[in-house]
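In what comes next, chain A is part of two complexes: it sits with chain B in the first one and with chain C in the second one.
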Partner chain A sequence: MLSVEQVAQVVSEVTGRIIERVSAPTLGLQAGRARSLAETINETLWWEQDRLSKADPTDEETIADKQFYADIRRQLPRVSEAEQRRLLERIVHRYANEIAGRFSPTFYNLAARVGPPMLSALLTGLSPRRLLERETIPRLEQHVIIEGEIANLGRLRERGTLVVTPTHSSNLDSLVIGFAVHALGLPPLTYGAGLNLFRNPIVGKFMHNLGAYTVDRRKRDPLYKQTLKAYASVSLEFGQDNLFFPGGTRSRSGAIERTLKKGLLGCSVSAYRNNLIRGRAKPDIYVVPCTISYPLVLEASTLIEDWLAEAGKSRYIIVDDEFSRWERWLDFLRGIFSLDLKIHIRFGHALDPFGNEVDGDGASRDPRGRPIDPRGYLEVDGELVEDPIRDAEYTRSLEQRILREFSTENVVHPTHVLAFACFELLRRGRPELDLYRLLGSVGPEQSLAMPEVEREIVALLDELDQRTRADQIRLSTVVGEAAARAEVAELVRAALRSFGTYHAKAVVERRGVRLHVCDAKLLFYYRNHLDGYGLRGAPTLVSSIGSGGARHG
Partner chain B sequence: MADDTTSDETTPRVSVLGAGNWGTTIAHLIGSNGFPVTLWARNRELAAEIDERHQNSRYLPGLSLSDNIRATADLAAAVRDVPLLFLVVPSQAFRSVCEQLGELVRPSQLAVHATKGIELVTYKRMTQIVLEETCLRQIGVLSGPNIAREMVEGKPAGTVLASRFPRVIEVARAHLKSPQLRVYSNTDVVGVELGGTLKNIIAIAAGMATQMDLGENAKSLLITRGLSEIARLGVALGADPMTFSGLAGIGDLMVTCASPISRNHRVGAALARGLSLAEAIESLGMVAEGVKACKIAYELTTQLKIRSPLMHGVYRVVHEGLDPRAGLGELMAAAVQDDIDPTLVRAAAKGA
Partner chain C sequence: MAKRDDDDTEYELIRSPFPMVRKLQRTLAPTYDGPAYIWDIDKTWLDTRISQVKGMLKIPFEFAVDKRALPGTTALLHALREGPSGREHRPLFFITASPPFIRKAIERKMLIDGIEFDGITYKDQLEVFRRREFGSLREHTAFKLGALLLLARAFPEQTRIYMFGDDAERDALIYSMFADICAGRLRGDRLIDTQVRLGVLRHYAQDVATLAADLPARERVHAIHINLVREPDGRRILAYDPRVVGYPSAGAAARLLCERGLISARGRDRVEGAGEVVFGRAAADPEGWWTPRDKLACSR
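Our next item is the complex of A and B:
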């Protein structure tokens, strides 16, 4: 983890870079016309004023922000170009400082020591105070299974800088990854966490000490976004291992990501290029995709409601959800522990910033496994050349490769199997209904005959088994055993127990020989974990596929 | 950047892999522009003939090739450390050449292929094969209404270079462009690859129409409805619909359907004369790309549930022995849809 001095260096490097970029607009070449510094500053003033006008006027930070911008606005018309540059520098420096957060080494050292048990405590639903009282706590490592391509991570970490890129379904993800990284013996990762997490009553106080920097999604000023990206990039160049959630936000539908945000992801290639240009000793950046698969998801209800409300155009910031309520944590964790559920973290192949696999020594391999020197991708006649359009293309390849890892390393739990099977039967029974009508039509009075569900599950397991053999998806232990023995009773029992435990209503409930779907939305949510695989001939209902990537690339 | 294009060095900075009629033509155009260029031929005798006598008597008889061409049968020599490669090998041999290339190329090299076709069984496009078999990333495709014979005779023409990498277009264009050849750019690699492949199917139908003496109205009907089918399948596979209104779409389709010497046209004509596919191929002496393409298109459109009566009709005539007249009857009797397909209108609106 970076020291306080290094964080200060990162902040000043970030500021310098942004100022350089803004003052040399020929590189940007956006609207054809170079923008003046004053225009850039005015844009910031406009966006920030817009944001502040909607903020709580009594909030201390709001007041401070207003004063700061009032001062800038007063000076702007009267100063020379050199002075304008200084004003802009003040704005960017302030942004960068805010992103870096109030990092305290004392706290950090403490966190490094007590961090892992503290994480364990957080995740096991205990307050830190009870931890200090040395109560016996449930052992997290028994409930988090870390698997996949983990053997080489330590070595890669020594040879270069890691960017861990997980799927994102819950705010617990960053904590679970923090735990996994510690369990693997790796140093902590830094990552951008939404401001709402810092204000979260449960974890807010720990966020900085868990290595997080701040992302304020309410700030829509492009300058702020540039600063944010530069922060991630520069921290990578300083050798700080990073955690990116490349989907940008928690999956609202419950499906794994089928498209990624290329902005942050593109930091890996730019950091690699800058490292080469600066002749750094360890220039390599290794991108490590991983999946986090929960049998139950803490925020499932809020997320699927949001997806259904906006059908994908998510609100982006959900401030008040299950994650901020102790009793939901406790219910959730009690469920996980009492039913002995496992959260699976599966690491995929480590990649270079171009999407090539790297071997245990950090050497890039071509698609047929031959060693290659990726530096060549950035060279013209042996010279390193900056070319943003080219690099955006590389990032698109990286995106596609990460998505493939997500898809193949996705772990299937009994809840997903049962939800998928029930949903398929319901859908096939009412082919005339669109998704919303179908969900609206399902109530607890309707039921599915157990033998019918079991037959559907047997057929589904058969397909899942074939795909697992072809390395296209992964099965949890219970699902794997059920598939191997074509025996579904235990799987159904496990799924029903899970579904009956945490959510306000049981998602699916057994009454005699019939299964009743009590929460169609959650059924849909858990079913979506298997969306887009074409299982049982089911259509893709939520995952965006097709040429979307090409258009937005 | 000037280093890529100046020709004062004698070491070739560009190679063309494949010395068939189109590969040889591309090398000749580059050579005629003053650039030293290496041409790789699988066949040693052919390489020797081109290198020593500046002739390719098998594919371009009677033409004197540019002195700037050096030919070789040594793939490694043609590939190693050459900044720009043109890949011009037949579609069904493309993968095996790429497998060999994989051992030789490096990430800094650029590659443009000029092969019109899709791999049987896998349905892969040529750029997909390059990406699967080699470390090359900065790649593109060259396609358009380019009859080799006319090009080497110095007649004016236009062509399309498509790549997601601006530098690939820039460097390849610098070698190709001349007062006789206009080189247009496109970022839609998928569309340009598919346009060049699928038009061959329509060309078979055009051959039949010519043989049956259906007239010019019928041919125009065939071309425009054919283009609509090409665009529908293309869009479903990720192409930009507008690409099909360009040189690599309608442009290529027009030339292929108009030219009675094209192989696909001749296959269609032979079938309409009542020959079987085997006899038609026999009489032609070579396989026409459209024969394979219509099988692939038939399978893809069936799988993706895309309405393509014309391509299906050609498939059934070519591969299932349907009588062309019966096929025509079915097409003319089928339900009439919108002139401009709604899926294309939507796709075009989305892209805008």
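Our next item is the complex of A and C:
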């Protein structure tokens, strides 16, 4: 992890790079003409004024920002071009400083050593009886299963810089990945975390001291976005392993990402190119896709409400979800422990920045397994050349490859199977209804006969089993055993247990020999984990339009 | 007789023949002639001591995750529910003297353990307390007989009833009385007097007898299974005939139930527990009585 001095160097490098880019006449082109520095500054002033007009006027940061920009605005009309450059530097430096994370090795070691057992004790010891009787406390590692292509990660880390790119469904993801990385013996990753996460006092404290850098999604200023990308890229060039959530934000629908944000992803190409140009000893960048599969998702209710309300854009930053409420955290984590649920983290094949698989020695391989030199992707006549259009194409190839890994490394839990089966039966029973009407029509007064649901699950498991054999998807232990034996009772029990324990209202509830869907939206959310695989002839129900993460086509 | 509990529409508040709270979630088809299982909870499924003052005092400090099932019993309940084919949903009902205010913890424990039940009846201890009938707080005969009779009325006549209790209390006796009530052997004054001899308040005993009077006479109970928690050698059931079976562990019960075709071999193998079942040693009564003669109020 970068030291305080190195972070200062990164900030300085980022500022210099942005100023150079904005000042360069060819790169500052807009509508066929070069933009002046004043125009760029004015654009920032406009975007920031717009943001600050909506912010809490009593907030200290807002007051400081207003003063800063008032000062810039006052000076701008009177200064020379050289002074404008200095004003711009001040803005970019302020952005970069705000973004930069800090890392405390002491805090990290403390968190890594004490955190998991403390968390386990807290979560299982909340029962007074357990506290009094000092029962054995389950350990966090019993509930986080780390699997997949993990054997070579250590060696790749020694040969280059890692960019871990997980699926994103919960704000817990960064903590879970942090735990996994530590458990694998890898150095800590830096990652961009939404400013809203820092508002949770304890989580914020962790994030500030464990190397997270800040992403303020309220800032729409293109200059801010450039600074953010440059920060990620430069930190990679400094050899800092990174964690990118390429979906951009948490999946609102519950589906696995099928489109990615290419901005941050493209940093791996630019960092690799810059490393080669600067002749760095270890120029390679390895992109490591991984999936995080939860049987229950902490923020599921808010996320699916948001998706269904089609308010994803306006509520891009959700600050009032379950993540901000401690009691929901405790409910969720206690559920994980008391129900013996497993969170699966599956690492896929490591890739180079162009989407080629890399072997254990870090060498890129073409689709036929032949070694290739990735440097060749960036050369024209033997010279390393920057070409944004070409690089964007490379990033698209990388995106496709990551998405394929997401799809094949997706782990299916009993909750997903039961939700999919119930939803399919409901959907087939009312083919005339569109999605919204279908969801509106389902209430706890309606029910499905358990034998009917079990038959549907048996058929679904048969298809899942075939796909698992073809390496197209992964099954959790309970689902795998159910598929192998064609016995669904334990799977249904596990799913009902999960569905009835954490959420404020049970998603599905058994009453006698019938299953009642008590929360159709959450049923849809968990069902979507299997969306797009064409299982049981089901259509893809989650569209790919718009921002806000996983909206599938 | 019954009214809805305003707090939770799933539950019925029943005041006669005894104060109880009941949730019924399944209606059996009128032609159903298969088995139905009726289980006690305290000491039969869960390792709790609701019947003891100490156990009652512990309740507020116990969460669902704290409750421990007796070894193998959860797997046995799964096996019974799944039946010999492994894919059935055989009727399963619970009757417990636990008070309704712990119903959430009990039903949450059932959810956690995957116990699929079709109905559950709690003894309304608060109502008994409110009536100042303190002697009835720990005396469960009228409550259990009343709850059993209400279930029997809800079952189709051909249903074969299998009962599970423990030897910590009078389950063997109460279940035997219930079997005889169903068969029409124990009704009227004899039923009232027998209950009173056991410590039941006369007005409850009368209400139970009134309820029993309407039940068509038929042999419904097919076996009584008693978990031997107090006397593992089974001495508490020796006075009954061989239809009453004592089991020292869930595994021992599972082996017998598998032999009798009620659970699958796979279900049996998942149930832990050693030891052998003990059958009642009394000679079979020529009139079919389950209840030992000396427990009845007057001679037959």
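Assume the second predicted complex is superposed on the first by the 495 of 553 C-alpha atoms of A that agree within 3 Å, B and C clash if a C-alpha of one lies under 4 Å from a C-alpha of the other, contacts with A are read in each partner's own complex, and residues count from 1 in each chain.
Here is the rule we use: a residue touches a chain if its C-beta (ideal position, glycine included) is under 8 Å from a C-beta of that chain, and two chains touch if they have at least 3 such contacts.
Predicted, not measured: the structure shown is a model, and the values here were computed from it.
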Check your understanding: In the superposed model on chain A, is it clash or fit for chain B and chain C?
Key -> fit
Practice item. Name the contact category of A:R94: first (chain B only), second (chain C only), both, or neither. Key: neither
Exercise for review: Would you check which partner chain A:D387 touches, where first means chain B only, second means chain C only, and both and neither mean what they say?
Suggested key: first
**Study point:** Larger contact residue set on chain A - chain B or chain C
**Key:** B
Check your understanding: Given the touch rule stated above, what does A:R35 touch, chain B (first), chain C (second), both, or neither?
Key -> neither
Review point. Where does A:S397 make contact in the superposed view: on chain B (first), on chain C (second), on both, or on neither?
Key: first
Point to revise | Contacts of A:R280 with chain B and chain C, given as first, second, both or neither | key: neither
Review point. Does the superposition put A:G376 against chain B (first), chain C (second), both, or neither?
Key: first
Study note, to complete from the structure: Taking every C-alpha pair between chain B and chain C in the superposed model, the minimum, in Å, is 37
Practice item. Within their complex, state which residues of chain B touch chain A. Key: 1, 3-4, 83, 99, 102-103, 106-109, 131-135, 137-138, 164-167, 190, 238-240, 350-351
Review point. Which chain C residues qualify as touching chain A in the complex?
Key: 10, 25-26, 58, 61-66, 78, 82, 86-87, 89, 108, 111-112, 114, 116, 118-119
**Study point:** Touch list for chain A against partner chain C, complex
**Key:** 127-130, 338-339, 450-451, 454, 487, 489-490, 493-494, 496-497, 500-501, 510-513
Review point. Taking the complex as given, what residues does chain A use to touch chain B?
Key: 354, 356, 366-368, 370, 372-377, 379-382, 387, 389-390, 393-394, 396-397, 546-547, 550-551, 553
